[in-house]
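Chain nomenclature is as follows: A, B, C, D, E and F, assigned in order of appearance, with residue numbering initiated at 1 for each chain independently.
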């Protein structure tokens, strides 16, 4: 869509509407282990995006003919709450969320050591409580932390971010107006440990050179996000350890 | 909803629109064993409500994972025919009928000796042919007769009626205008034999004292209704006995 | 529906809008074996009707409780593409297509030697790419060729055509305007080999005599259509044989 | 033994009876079970009827309300027919969306009314292009003991014949009787081995095939046919069914117009074209 | 051992505890777990709340937009309540269309607001007969550790009390707080053997039955009740639950009005009729 | 042996072939099967095309009718793309509501047209805010032998390029050709072990992963991408696919514009921004 007259997505100093540089992320916070019932979970805020990811599994597969005799299947359900967007969304899956669910499940599958759990399912639920551009990347990033939090054996994490083009400039991590009135959107997810690209979509217009810049921005950012993911997990285990120390008398005390 | 101006639900003599006293029931008739295919059935008219209840079971449970290994499950389907109400109702279950179906099944379960039939289902179908306030109570009352008619072992019957409040007066068995323009609705079902309350819903406004009066009206009426239920079953067996006598020669005749 | 003023379905010479005589078919062409994946297939054009029929089976039945322990079941799915009619049709089955699917499956069942394949299904898919009156007859005719092309053992083919009444004249094979503005529609299918009638529907108005004429037109036409069906199969095997001769060296050549 | 084999045994029994000229309940091949027709049962419906053929019972209600006409028929009322095979009526009926059997039932009853020009839809126009009467015919099967097609068709006709167009309720004038052009009646026969058997009972319905339903109007014209179920008829068999159907439909029509007080109307229809 | 037998064993354990006057997490029979209420979490919603009762967590959002009134209430706003038991919250919740349990939950919360006249729907009329405010209350259960009814009701009330009617966004004037008439609060008890236990935790929720939810308003009047699950109460038990509920509801209402800054409003309501 | 193990064996076979630089049907890694494009097959559709890539066959129809614009784009036509993987096309396709695979297909084709600004939607406005052309692109897969994405995209483009906007049928003037801004063409490659293989055949489609679809326009700009299926690409692999895609798309575009007679138009587009 064309931007309304007078809306400048990039100012004369090369700064974006919210003051960010082209290759700068919005503010991201994440916390692992926020749900009691799920085997693993993560709450993530990314700009105004608010996402809870929860993981159940490995567990039995229903219906049975969906089982894979040689490995676990990773199933993802990406879902926007009715109040997450400006105009209330009807509950239940629409075509967009079904496509995203499929892509997220496919992006997470390669990092899970699926051969260890034949005939089972690992279910990943991503609830978008509030949406503001980039929800699929936010969901994927949170889901990855939730998988680790659930103790699912993985060969690495998945980190995700979108790049794009606005006002003929390649930028990282589009916010809402940039997504609506920008030229190009490029969601990317990689396994930071290996560099493999596990999610890649694009719509709009890129020259080969622009594409190269956008990919470089995205990959660099994914490494940054990967750091936050590891930090969130570290904090959870730290908290757990502290709690444990406080509830159990230290060995030295017992010996006294 | 507020009553239209001029509509008086209770007159100066304390009589209601149809001349009933506050604690008086509408006219109720019921007949057991009206269907050939169902294992048990009951046709009930209650004011202008017209209900057929039919019971099948104990029978196999589909899908299998709904089975309970220790006892029968009682499933109820309450359903309004499209022509039962002023504005045609679309066929198929809506949210209201699904809630009522759940509550009726839960109200009937405690009277059925479910342990006698593990892994089976007892299916109760309540078809509302015409509706005029109080259909859930009418359905439950008819369903109970149909269960007995089907020969399902029970520790008692369930009888049901609604009380309410109109023009600041507690009354029994609301008819349509009383339901629409009244203040409070209180559907109740009890097991008359034990006094246990198996259905209880309320919406509107009650002081504690009003609630006590409403419950007393309801409980007394349920005992009255229970009498009619027993009478309906007695008549069916009487009919059956008479028919049997007429189709088989009496022993004395044979001996002649 | 009444024809618009001035529309004459039959002219003074007894000819129809497209010049046909009352008992004359529209142009029909058919080709067997047009799909790679299906076990058997047929593409048929009949006037402006365009139909592909495809057959899979005998194959396993899902869900299992649809199996018949004594014979194969023949399932048919008649489906109109969204672009087959003037006003786009929503994808997915509607009530009309579900009724037709049922009738086509029932019409094809008697010719298949079902006892040879207990517990299996033979699935017949009829895709209407373009519709112009008479699609169920066209689908049934094509399906029959597809079944034979799949090598399903059959006691005969099924051929189908509709008759009707327009401007008080009994005619064969209604085209669109004749169907819309005519008085009567009579789809018929027979097993030409035995004369058995396996599809018969009628709506409108027929005297007994008119019905007799209409049936005679239909039965004669079915025999004509049966000839085209056999020809389509013959051409396919001819083609296959020619291809085989061209790809394999003839024996005599080898001997040289 | 599987159900499929049991049903084969049942089929053999019923077919063998038929070969000997008999039916399991003692009726003649062309004999209907007792038919009862009651109207006006449902006070909230514009028209209603309870029809019993033997132990088969259907309740039909007609609801009407003003609505918009279809763009291609701006001066015609609209009618819709639905059928529900509710699970109270048979252990074989399941809850859930309508299945092919109930869709076929509803569509055959619907065409038997619509395509025979039974209702005078033009008289159900209130204001051309803007407002017409919408009629919903809902068929509720409550006890299934065979031959639903005839019970449902008869129930729909009885409900229509007894219906009042509710002008008063919508403040459009005084109520009027439903405008009726024709009085079609459907009869159904199935093939049991060599026999053509009318008004199939439950056991016959389960094993008999194929089935042919024929509707005749009050002028003895054929107005609708539907062959269903696996198997085929010879042309002679079809003609035989049509001939018997004509007689049976006449008898049933007499009962129908009498019960609904439409005797005079039914005598004065113009032949269809 | 089948699930059904395992659940029988669990039931015996929990019920035996109750017979000894105990609960599995050490609470008194009428003791609630810690309750936390946060509002304003979702900036895109007109009102929102996150409520935790113990580890049970629900997020509720209120969305509003202008729309057409119902023909029979032309001067009243419209409200709709939905609940989703999303599978993230429990291994027992499945994807797919709403099931009876979530339908009952949504309908009980809905009636607890609608029938108690909680929202002043007449103040949500923009232009009579043409345009009114439509309010959608969506309940999202994200962690299920027992007692959904109270968490969902409390969440819905908190979201409503904190909601702004978005006049500005639709260019209809300045935003206004949601017009509230009453402050009903629901409490839920279940029967565990001889005991009546409030705020059932997960284990208790799974084995306890029946359940009774009672809503009281700020004048201590009973405004709604819902008995659920298999089993029955005596009249005395019902009265005992109502009496305790009155006390508990008062405590929860205090927390609710404080968090949402509605304390002054809540003190000045007129008694319902 | 279970299906899963069989498919593992197949996978090994196909991947081993690829390691040796071969494909099961003898093609080079970047070689397409023969492509045929026919248009105008469906006379009732505004545009239609039958596209075959090898034995994969899709039929695409475009239907148009006047309708209301979306409130936020009052002067733009509306387009919708649907895909049906009908069970005639493969034993793996089932009846029932669209599944994720067909939803992904439809959405990728849809974005490949919508986001690339292919149709000039502003020229499909009839009266701003009131009436615009609604276009429905329906993709019907009738024979599935691999590589649906390219066949469906090509079919959609061919149907659009051959479509007439039906002004005459709706009495709005003379028919006009569909207004086209760009000529994007999609190509798809999958990873088979070390190889990047274009136009995957059925066997390759079943075992290969991941998949990358890239659309280029007539100015060689990248207009859309979609990575699908389990597994990852290196950045180098992505760039290699993009480079080959550019060449292949050019060849296919030539065939497309020639068949549809749009050669002159395609030469005169302005570069997208």
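As a working rule, a residue touches a chain if its C-beta (ideal position, glycine included) is under 8 Å from a C-beta of that chain, and two chains touch if they have at least 3 such contacts.
Predicted model, so just to flag it, every value in this text is computed and none were measured.
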item	value
Shared chain contacts [chain C and chain F, defined touch]	none
Chain whose mean Cα position lies farthest from chain D	A
Distance from chain C to chain B - Cα centre to Cα centre, in angstrom	53
Rounded Å distance, chain B centre to chain D centre (Cα mean)	32
Of all residues in chain E, the ones touching two or more other chains	none
Contacts with 2+ other chains: residues of chain C	none
Going round from chain C, first to chain D: chain order	C, D, B, E, A, F
Chain B partner contacts - residues on chain D that touch it in the complex	41-45, 48, 55, 57, 59, 61-63, 65, 82, 84, 86-91, 95, 97, 136, 138, 140, 142-145
Touching residues (chain side chain A, partner chain F) in the complex	1, 68-70, 95-96, 98-99, 101-103, 106, 109-110, 168, 183, 186, 190-191, 194-208, 211-212, 215, 219
Touch list for chain F against partner chain A, complex	2, 4-5, 8, 72-73, 98, 100-101, 103-104, 106-107, 111, 115-116, 210, 212, 217, 221-235, 238-239, 242, 272-273
Touching residues on chain B, where the partner in the complex is chain D	35-38, 41, 48, 50, 52, 54, 56, 59, 77, 79, 81-88, 91-92, 123, 125, 127, 129-132
